[in-house]
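To keep things simple, chains are lettered A, B, C, D, E and F as they appear, and every chain counts its residues starting from 1.
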Amino acid sequence: MDNLMGAFPRVLEKLHRECRQDVPSKTGAVKFLGDVVALLFPVTHGQIFSPEEIEYRWLDLMSQFRRLVSQVVADAGKRKEVTDRFFEQLPAIYADLTDDTHHFFECDPAAHCREEVVLCYPGFYAIMVHRLAHAIHVLGVPILPRILSEHAHSRTGIDIHPGATIGKRFFIDHGTGIVIGETCTIGENVKMYQGVTLGATFVKKELQGLKRHPTIEDNVILYAGCTILGGDTVVGRGAVIGGNVWLVESVAAGTKVFHKPDVG
Amino acid sequence: MDNLMGAFPRVLEKLHRECRQDVPSKTGAVKFLGDVVALLFPVTHGQIFSPEEIEYRWLDLMSQFRRLVSQVVADAGKRKEVTDRFFEQLPAIYADLTDDTHHFFECDPAAHCREEVVLCYPGFYAIMVHRLAHAIHVLGVPILPRILSEHAHSRTGIDIHPGATIGKRFFIDHGTGIVIGETCTIGENVKMYQGVTLGATFVKKELQGLKRHPTIEDNVILYAGCTILGGDTVVGRGAVIGGNVWLVESVAAGTKVFHKPDVG
Amino acid sequence: MDNLMGAFPRVLEKLHRECRQDVPSKTGAVKFLGDVVALLFPVTHGQIFSPEEIEYRWLDLMSQFRRLVSQVVADAGKRKEVTDRFFEQLPAIYADLTDDTHHFFECDPAAHCREEVVLCYPGFYAIMVHRLAHAIHVLGVPILPRILSEHAHSRTGIDIHPGATIGKRFFIDHGTGIVIGETCTIGENVKMYQGVTLGATFVKKELQGLKRHPTIEDNVILYAGCTILGGDTVVGRGAVIGGNVWLVESVAAGTKVFHKPDVG
Amino acid sequence: MDNLMGAFPRVLEKLHRECRQDVPSKTGAVKFLGDVVALLFPVTHGQIFSPEEIEYRWLDLMSQFRRLVSQVVADAGKRKEVTDRFFEQLPAIYADLTDDTHHFFECDPAAHCREEVVLCYPGFYAIMVHRLAHAIHVLGVPILPRILSEHAHSRTGIDIHPGATIGKRFFIDHGTGIVIGETCTIGENVKMYQGVTLGATFVKKELQGLKRHPTIEDNVILYAGCTILGGDTVVGRGAVIGGNVWLVESVAAGTKVFHKPDVG
Amino acid sequence: MDNLMGAFPRVLEKLHRECRQDVPSKTGAVKFLGDVVALLFPVTHGQIFSPEEIEYRWLDLMSQFRRLVSQVVADAGKRKEVTDRFFEQLPAIYADLTDDTHHFFECDPAAHCREEVVLCYPGFYAIMVHRLAHAIHVLGVPILPRILSEHAHSRTGIDIHPGATIGKRFFIDHGTGIVIGETCTIGENVKMYQGVTLGATFVKKELQGLKRHPTIEDNVILYAGCTILGGDTVVGRGAVIGGNVWLVESVAAGTKVFHKPDVG
Amino acid sequence: MDNLMGAFPRVLEKLHRECRQDVPSKTGAVKFLGDVVALLFPVTHGQIFSPEEIEYRWLDLMSQFRRLVSQVVADAGKRKEVTDRFFEQLPAIYADLTDDTHHFFECDPAAHCREEVVLCYPGFYAIMVHRLAHAIHVLGVPILPRILSEHAHSRTGIDIHPGATIGKRFFIDHGTGIVIGETCTIGENVKMYQGVTLGATFVKKELQGLKRHPTIEDNVILYAGCTILGGDTVVGRGAVIGGNVWLVESVAAGTKVFHKPDVG
């Protein structure tokens, strides 16, 4: 059948032979994420667990995590440390997420109960995945956090780089089209609507590692479609940035910026 | 193993023990939706059913629906009524959706047949789910309609609140980023492109239940990325709102509003 | 049970009896796509194949493709030709995609290795599916390419019509909300960010088949949220179109167009 | 590719075109069986159902059953009657099966509780499936009962024709190799061990419909590997037939028949 | 965690590292078998295929078979020959199986149609798998035929070694416990009931390759539980061997041998 | 719908409400078994594991086992002890099973390699499951060992009670219909063929816990279909019991017992 295939199979053979094996399994990462969510937010799976089942699943999550980390971290000592540290932080992450659900409920007039937030709000799903992925990112595990954040992006249209630092009680409504860059810093009680970009002014490879994305202080509201660019740009405490606003420099605390309507 | 787990398992045990059980199963809701679509639009599943199979599936859909409703509606009498009423309306919803497919085909120069609309247009999927979710919402069933609409949002990037009232022959192209708020009213023959927001001017919890989102009259065209905000804002019959336009007050019937280009 | 069902089952029976059978199976198309990707980019599935397995899968892909094509192409001779031609082109498409991964890596300061591009970048997934779908579109196979492109759209929020012509080394970052119309022509080394629209000025059914979407020349950069409309609009070689810019006429090579910020 | 396939595909095409459609789906039948068992004996599935779930599943079983019957019974009136009658009998069948579990527990010194009987005794599984299949057989539904009994045969090695009449409190231990023919009549409190055959003396097509298999009266014990043949053969009340005994004529009530050992 | 695992993981690591890879995949073999059966006997899967689907599946079967063979046959030329030869024989095997279904229907008074034979008779399943496995065995492919025959054994309790030679129109009823040894030869029109053994007198490793199992000539009937042993033992044309008979030497054509009943 | 369901749902509701929860999950037990086999005999799953994967799976097996045990053992201390003890024994069980594979290969002239034994011999599967189930039985875990042994019985037709004590190098050929009772003791190097029963003379509930089944000493051969009954019956070292022999008392070491043929 070689005539059907030409020389290409040789290329494919080489490709498979040389394929890097030190990347985490996408399937494994998504299963891990689903199992964490089922344990922390049983309402999403409509299934509650017995104490024995909870113990089993906690240990299983640790094993799954070790396996994922072992695919990208060569040093066994570091693997153990990373695992221990991540699971030590899980209670605090859970506490933050519980706060987030309260905040969502209070922010959205369309929400009828906290369970609706957990079940139906893509913004909550995105921040949940981000808080987990960010913790793994901070521990120095490569690629895995990005697989998790991209999974949330695919499901919600909300693209938060795991490197971004986000404070307590973060609220996102609708969310489609949101982009939050790697070096963003976001304070507490921030509200954000669909289509907001917190990006870099210019995108060049040489900027890798530098602060390229803005800082958003506490209590800021960012309405739909506004764009805020640049590593030196700071949106001061309590500022309100209106829909579609285009911002490339800092604004002081309490400032209200609105886009000029096309009519009226 | 308690040393591995600290006090957190106690928290999780409590959490699972106290988890609310009166929310509809997400898995069950998504299966119900898929089964409705398979029955109404066989082309999407590449499978046609015999008359006996259709009868079986119709009855099965009724049972599935009753089960979903039983999770959120405590009163047995109301459950029965809601189920009867929803299935009585299904033929009319189907008729509306058939009209929608014709309208999509006529509106988009890239469409080659109605089957392509049903198979490949995310906008059609979104309006299909909306017409079903809205009917359930109007019957007073909580949460379930939101699970359905959020499923469509996740798949299409089009976020239509089940409370929105949308007339016959609605056309959405591309669709990603569209947000249609809970108290919107949209007339007949409306066309809408990606990134359109029909939102609230301000978002406050106290506004729950009030009309916070705009009214779009018959034959209006809303081009990509335009934003229309406010419960008193009315876009009059036959108006055309250009791409990226930002609108916070009413425009009369027949008005054409365009965004000023950055060049030219 | 007829009283439960009224006359609607008769309608459904007719509907199923008359359902067109000459459309490709969505499930089959998505499986084909997944199997192509597993063969070309093993890192995405965490599984490498033996030479025998590669041979088996290559032949199986050919059979799958023939089956999909047979659902929409009635003529057996044409089916064979289409299949042969598509598989002849696969090595070149693979070469283009390899170039794209290098380009992505070079363009994004947040990328750490080419595997991360393949695993985590929705923009890469979108261009991968486009290059495959476009080849099938050019061979005159209806509907199938649209099923593939809409699958990528659903997963990434990036909507590229399979008719669009896109040159080598294309880079998309974040990507949500991007729309690239059927008659676009895009040169080499183009970079594009989320929310970019390359659309038609007016949308009318009579324009079917005409060039309705813009031309983007080599080395152009299109920042987030810019909109470029019209079949006669040409963005000249090396131009930079800033975020949120609204463009309905051509700009010369090397031009830089920026949106006026709302502050500063 | 015709040269690879010769004329055989033509044969296969004809075969598929002419395939009889009026046989019940094997997959559907096995699913129905599993769902009945999950409802009646929750311990087998480790899952208990809420009252709403029980109601849903009961109705779903009725729909499933109607669908299976519709594949083999052309007359709609008869279909309805068969369904109603089967479900009317289900409580009585359940009561018989509950009696069987008590009887198993009392008969086997190795059994520690009734749950062990339900979970671990192939003999119980076989009699459970038989009582269901026999009820369907008596209602005149063709083929479906045989699919069910053959499913139990495959799983347990116990082959009971759905036509056989079996009294209350039937006990089977181990069971592999048991064959109970179509026209057998078995009384109450009968015990039976592995490898017992209740068969026909001669097997000829002309005997279809005649009583070809033996009658076993109340309280009989049939030890492992005994063979009892013939439609006129009656094993009288309380008789004990030893292991490996070969019997082709009747024995009176209370008789004990033993096989002569090869040693001693 | 080494203290939890002791030295055993080292053993397991070695075991996995040194695991032979040149055995056929059990999962793959069982899938192949299922796909052959679905193509030849659509009634078993309740699904009929279009001509295009038949062509696709025929080619897919060839690919699957090549893959299975490639796991145990190192020489590429032999692989191709084995594949070609097996598929050339498939039409004849199918013809034999069709004859078998007629024969089953004529032999069993309990059978109501040929479809019932195909769907519900474990004996037919066993002979179907045997005719396929035997063809592969004769072509010199190791292990694969045994995986197939053992799969049928597990499902039916009928253990036919793929080396056995079996003539046209073979009938097995009930079947549990049947053993047919590797060097048996069975003629045409033979009938066999449950628990029949065609075995070796003595079992010694040194006898590998020699004829150790009996020869059964045309038109013989072997009733339930009879045992026939030895490579020189011939049961002559038209003989009838009664239930439980124990035979270690040849009987002439037309002989009737019966076991002495324990009573009467 | 109560008229469709009568009073039976009330019965079912009670049944589900009162269902015992302290039995091990059948699904969980079968998954555990499959995962043990995949780890110890990778050839059966055609998949080899990396050292990290082996570690992960070992820990996962421990978690799975603890969960199964927690369902039937109320005392947490005992649960821990049982788990530790079982996993300590696993290396020795594995060593025994390796010996068994060598023994199978040497005993059967039809076997071509040890991998064939592991892949294709139901007798090996049965002894493998028995050695695992017996270890759990000895540790005092109820029901779970019976679920495992019954799973093997269903798949192979070989019914070995987990209480039976079986020595090293045990060989079973074909195996269908074998029954080995709870209080059997079997020595080393024993060979056994299909249909052998090691049973009780009489079966009465009062005998629970007493030795009711025979003792088989080292190097005994038990040919197909022989039956040995009684707790005092001892088959002495090196004895050979011929096919179909019926034995209810002891035979001395070295004895050869044969069944009288019906012819010759």
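Methods note: contacts are C-beta pairs under 8 Å (C-beta built on N, C-alpha and C of every residue); 3 or more make two chains touch, one makes a residue touch a chain.
For clarity, every value in this text was computed on a predicted model and none was experimentally measured.
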Neighbour overlap between subunit B and subunit D returns none
Subunit B and subunit C, separation of their C-alpha mean positions in angstrom: 26
State, to the nearest whole Å, the distance from the C-alpha centre of subunit A to the C-alpha centre of subunit F. 50
What whole-number Å value describes the gap between the mean CA coordinates of subunit C and subunit D? 56
Contacts with 2+ other chains: residues of subunit A: 59, 157, 176-177, 195, 225, 244, 259-260
Sort the chain contact graph into one of these: line, ring, star, complete or other. other
With touch defined as at the top, which chains are paired up in contact here? A-B, A-C, A-F, B-C, B-D, C-E, D-E, D-F, E-F
Given the complex, residues on subunit B that touch subunit D span 52-53, 55-56, 59-60, 63-64, 66-67, 70-71
Touching subunit D in the complex, subunit E uses residues 39-40, 42-46, 48-51, 54-55, 58-59, 62, 87-88, 90-91, 94, 106-110, 112-113, 115-116, 119-122, 155-157, 173-174, 176-177, 191, 193-195, 224-225, 243-244, 259-264
Per the touch rule, the subunit E residues reaching subunit F in their complex are 1, 4-9, 11-13, 15-17, 19-21, 23, 25-28, 142-143, 146-147, 150, 153-154, 157, 159, 161, 163, 176-177, 179, 181-182, 195, 197, 199-200, 203-209, 212, 225, 227, 229, 242, 244-249, 251, 257-260
